[in-house]
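Letters A, B, C and D mark the chains in the order given here, with residues in each chain numbered from 1 onward.
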Amino acid sequence: MKVGFIGLGRMGTAMADRILGGGHEIAVYNRTTAKCADLISRGAKLTETVAEAARFGDVVITMLENDGALSNVALGDSGLVASMAKGAIHVAMGTHSISLIKKLTAAHTDAGQILIGAPVMGRPPVAAAGQLGILAGGPTAAIEKCQPLFAVMGRRTFEAGKEPISAAAAKISVNLILACAIEAMGEGFALAEKCGLAGPAFLDILTDGLFAAPAYKTYGKIIAEKSYFGDPGFTATTGLKDINLALAAGESVGVPTPALNASRDRLLAAIANGHGDRDWTVMALEQARASGIA
Amino acid sequence: MKVGFIGLGRMGTAMADRILGGGHEIAVYNRTTAKCADLISRGAKLTETVAEAARFGDVVITMLENDGALSNVALGDSGLVASMAKGAIHVAMGTHSISLIKKLTAAHTDAGQILIGAPVMGRPPVAAAGQLGILAGGPTAAIEKCQPLFAVMGRRTFEAGKEPISAAAAKISVNLILACAIEAMGEGFALAEKCGLAGPAFLDILTDGLFAAPAYKTYGKIIAEKSYFGDPGFTATTGLKDINLALAAGESVGVPTPALNASRDRLLAAIANGHGDRDWTVMALEQARASGIA
Amino acid sequence: MKVGFIGLGRMGTAMADRILGGGHEIAVYNRTTAKCADLISRGAKLTETVAEAARFGDVVITMLENDGALSNVALGDSGLVASMAKGAIHVAMGTHSISLIKKLTAAHTDAGQILIGAPVMGRPPVAAAGQLGILAGGPTAAIEKCQPLFAVMGRRTFEAGKEPISAAAAKISVNLILACAIEAMGEGFALAEKCGLAGPAFLDILTDGLFAAPAYKTYGKIIAEKSYFGDPGFTATTGLKDINLALAAGESVGVPTPALNASRDRLLAAIANGHGDRDWTVMALEQARASGIA
Amino acid sequence: MKVGFIGLGRMGTAMADRILGGGHEIAVYNRTTAKCADLISRGAKLTETVAEAARFGDVVITMLENDGALSNVALGDSGLVASMAKGAIHVAMGTHSISLIKKLTAAHTDAGQILIGAPVMGRPPVAAAGQLGILAGGPTAAIEKCQPLFAVMGRRTFEAGKEPISAAAAKISVNLILACAIEAMGEGFALAEKCGLAGPAFLDILTDGLFAAPAYKTYGKIIAEKSYFGDPGFTATTGLKDINLALAAGESVGVPTPALNASRDRLLAAIANGHGDRDWTVMALEQARASGIA
């Protein structure tokens, strides 16, 4: 297939590279062109404008960091909506707000184009290995058309609804549950510790059965070892952005989220106390602090 | 070994049966003697009083439903503390409050006896299969002495601290994290559903990677299928009792628990709306209600 | 009237003194007799037992610090229920739990006696001035009979329902709202301060109109001036007891209380950080801490 | 003085009318000119553009409904920043976000102009009577210069800091405390009612002493009488906007707000259940629902 690809950060680069390796033709666009060098050396075509990438093939993928970037690229003058051919497909693979995806769906539909929401689960190394989980929401036929691309980027494509916002909500909801799990661990570890049980021993108990899953093993290890100040996998500030996406989604469709708010307040307190650049498990450090043990 | 066993409910019976099957001598006591019939037919000795069970061997196990029952059995006139020999071991395997376990530890110590806190993870069928997770807290030598008993009841004995309360806290903290996970799922599923994604589809996404664990698969399935009114694995009212144990523990050692409180308030609302006897995942039903979709 | 009076702490002494000054005959009982000396010198009769106080007149008032004390005095052997004449009235003026008041109502009714729940609003100096607010719940005729006593103790008797628990709930609910107001101020003052507005200036704005009430003026002043470590009007530990009464009440009748829980968690964190003996406005200090400004 | 006035909604019209009545010259601008008719008939000058209003005198007042409107008027092409003379004063009297006020302060400063943040407390009838509370934040000299205008609009000008954001924060923080008071009342009234005490009786008790203030009397009356569906003084949807301003403020300066979040979630649930256009005390209706009594 011929694919335009916009947004060559760490995730985007790894994903574009998989597409290229899968035998597809790809035209890349990034605000700072330097980031495209490797891909170009491997055969990708460099485009100078969003519009050019938009018209390169029948499909254009965006992997942008936030709503602002996607809004500029898609809705700005000479943006995707203005530039894509009728019938062309925009696959938005970043994590975006329900309200922007809704707005964008309407804009593409009005222009006779198709939007697929397809946020992903996995970090850059997972992307590089083509092992992402891809949450695809949108018209079935369009998703099927893109499946060859998803197949090289991911280990599995999940049917995440007929609407792009369903897929966005799926990603946001998983993040919501993750933020809650971290706060809950903070509370549980603090209680165990104040009753004389060391973190690693409690982690072992916790993840042996009911909670034998990566979310608990990965984040629980940081909490158990109090290694909050190591290399952050995901910073507190970024975590707060994700929580905000969930809060905004909840507000836009009418879903109150008290457990998420407990995570939000804990994370915000951690940030207020100077830990914005630390791993977002500092939620548990702040919980320990509120428990008088940090 | 010679073991006294007090508390022959469904869990206790299954556990006593494993001990018997393991070649140990066992003397059972239960307030309603009828529940002991099967065990007696299989070779257990029936005792008429707590005191008799207390003196049958070097170890007496209690598997009682709540603090009231344990307090009566252990601290009452002619109870365990009054009856056990010096140096004898009491293994408390029910889920009890930090404050009672603390009080009981002191009472046994004053009487020259030893208390082991050893709450378990697993339901009756798991107990019957000898596959419990046993969280053992107390003096190392005493725990080692009981290990032959633990070995027939459980698949694994976890070292849960040098103090009985550490083990109690471990169990309570796991329950805390579970209650939080259910509320978080309630929020996540409501958000997904209001954005057009059906429960089972979201469950599939959720439990494929980060949350591929029994807690999410088991409870998530009930939520995804809205099968709240089926046979309850664990009722809302019982769930609230466990949450209260965690809140009381948090208060007694100084640990605030906002995420747990979100679960508590949701569960309490479900109970206030008539769902006390339903499975405690009705938390998610109440969350759906608050979201305008139930 | 002839009145028995049990519980001569600071509040009870001031109240009994008002009754004495109102021309009534009073027989006092206190666990530590020394506290009754002043009242006796002014004409009160000393009784040696609860039973004696219970039979002195048609009315016996209790002003006890907590549920444990009231339970002992009323439900113990030779307690009020066992000792009062048929038709006699017990006026419980302490702040007690819904569940104890419910149990006590049933016990008195079974014994042909009458219980009035009549908790009060006001501190010792207010009691000494006969200016308490008295929240009276119970049978109308019984309340009317006691009105001469209420008239000398309080500035106003509120009709707080036909059941003693209604009056208990009224007191508990006012306390609930107060605990929430303090947490809310903590949040508001922290926000104002972090935006450059000093506490006293914000206090002036807050209490000028919408919130021109003693709750905000009194507690707001401590928060605005950060005088948390002065003479505590009401300690954090005592505040937590009151919050617990409200949480227990909510649980017993099915009322979730998320705002109260926010206060509970803040107060518990303050206590966990060593401020249990400080004024309960340390909630705001802990809020400031979580906001990075304390 | 010569004053430009932009934003002639119900509040703005009442305020402009007071200025006119105070003997000042006023030039008005509104997107829909019709709303200015009355003022013009009474002597106000109609302007066709923001720029014209901006240059009419040394002071221009904005009373706009939200951030979007203020941003357009102040920061747009030919907006206030682009049009006002050096040294001129912009008095922003609407309730706006900390982040917009911060941005606007910088823009005016860069242009050699002065921003005063001066949000008000009071509804349209209060404005019509010149009895607003005016929270003025900014350079002292500029505030003093505007005092003749404040004097005819308000009963009192509060010194709300040297920065415009301090004044914005003051207003937002008062609203935060109000939202919390309503949720707290919802919880307290539900508890009282479920224990047999009718709303009006509890209201009487509540507002007699500690809480004898308009916030409790006004909103408490609606809750006590369950008159949620009468003419809304302030709708749930508008209330949520105010709560969001407080949440955003908390996030921007680092203040977690758990009590406010309890209000937010309750209000959001009320809106999700169809009550967005009702008075925002529907928070208490939703609380009653969660308590099984509505």
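By our rule, a contact is a pair of C-beta atoms (placed from the backbone, for glycine too) under 8 Å apart; a residue touches a chain by one contact, two chains touch by 3 or more.
Small disclaimer: the values here were computed from a predicted structure and weren't measured.
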| item | value |
| --- | --- |
| Maximum centroid distance from chain D, chain identifier (CA atoms) | B |
| Same or different residue numbers at the chain A/chain B copy interface, by half rule | same |
| Winner on C-beta contact pairs when B-C is weighed against C-D | C-D |
| Distance between chain centroids, defined by C-alpha means - chain A, chain C (Å) | 52 |
| Inter-chain centre distance, chain C versus chain D - centres from mean C-alpha coordinates, in Å | 38 |
| Per-residue overlap in chain B, given as positions that touch at least 2 other chains | 250, 254-258, 261-262, 265-266, 269, 272, 290-292 |
| Chain D residues touching chain C - in the complex, by the definition given at the top | 98, 121, 133, 135, 137, 156, 158-163, 165-170, 172-174, 176-178, 180-181, 183-185, 187-192, 194-198, 201-202, 204-206, 208-216, 246, 249-250, 253-263, 265-266, 287, 290-292 |
| Touch list for chain B against partner chain C, complex | 240, 244, 250-251, 254-258, 261-262, 264-266, 268-269, 271-272 |
| Complex contact set, residues of chain D against chain B | 258, 265, 269, 272-274, 286, 290-292 |
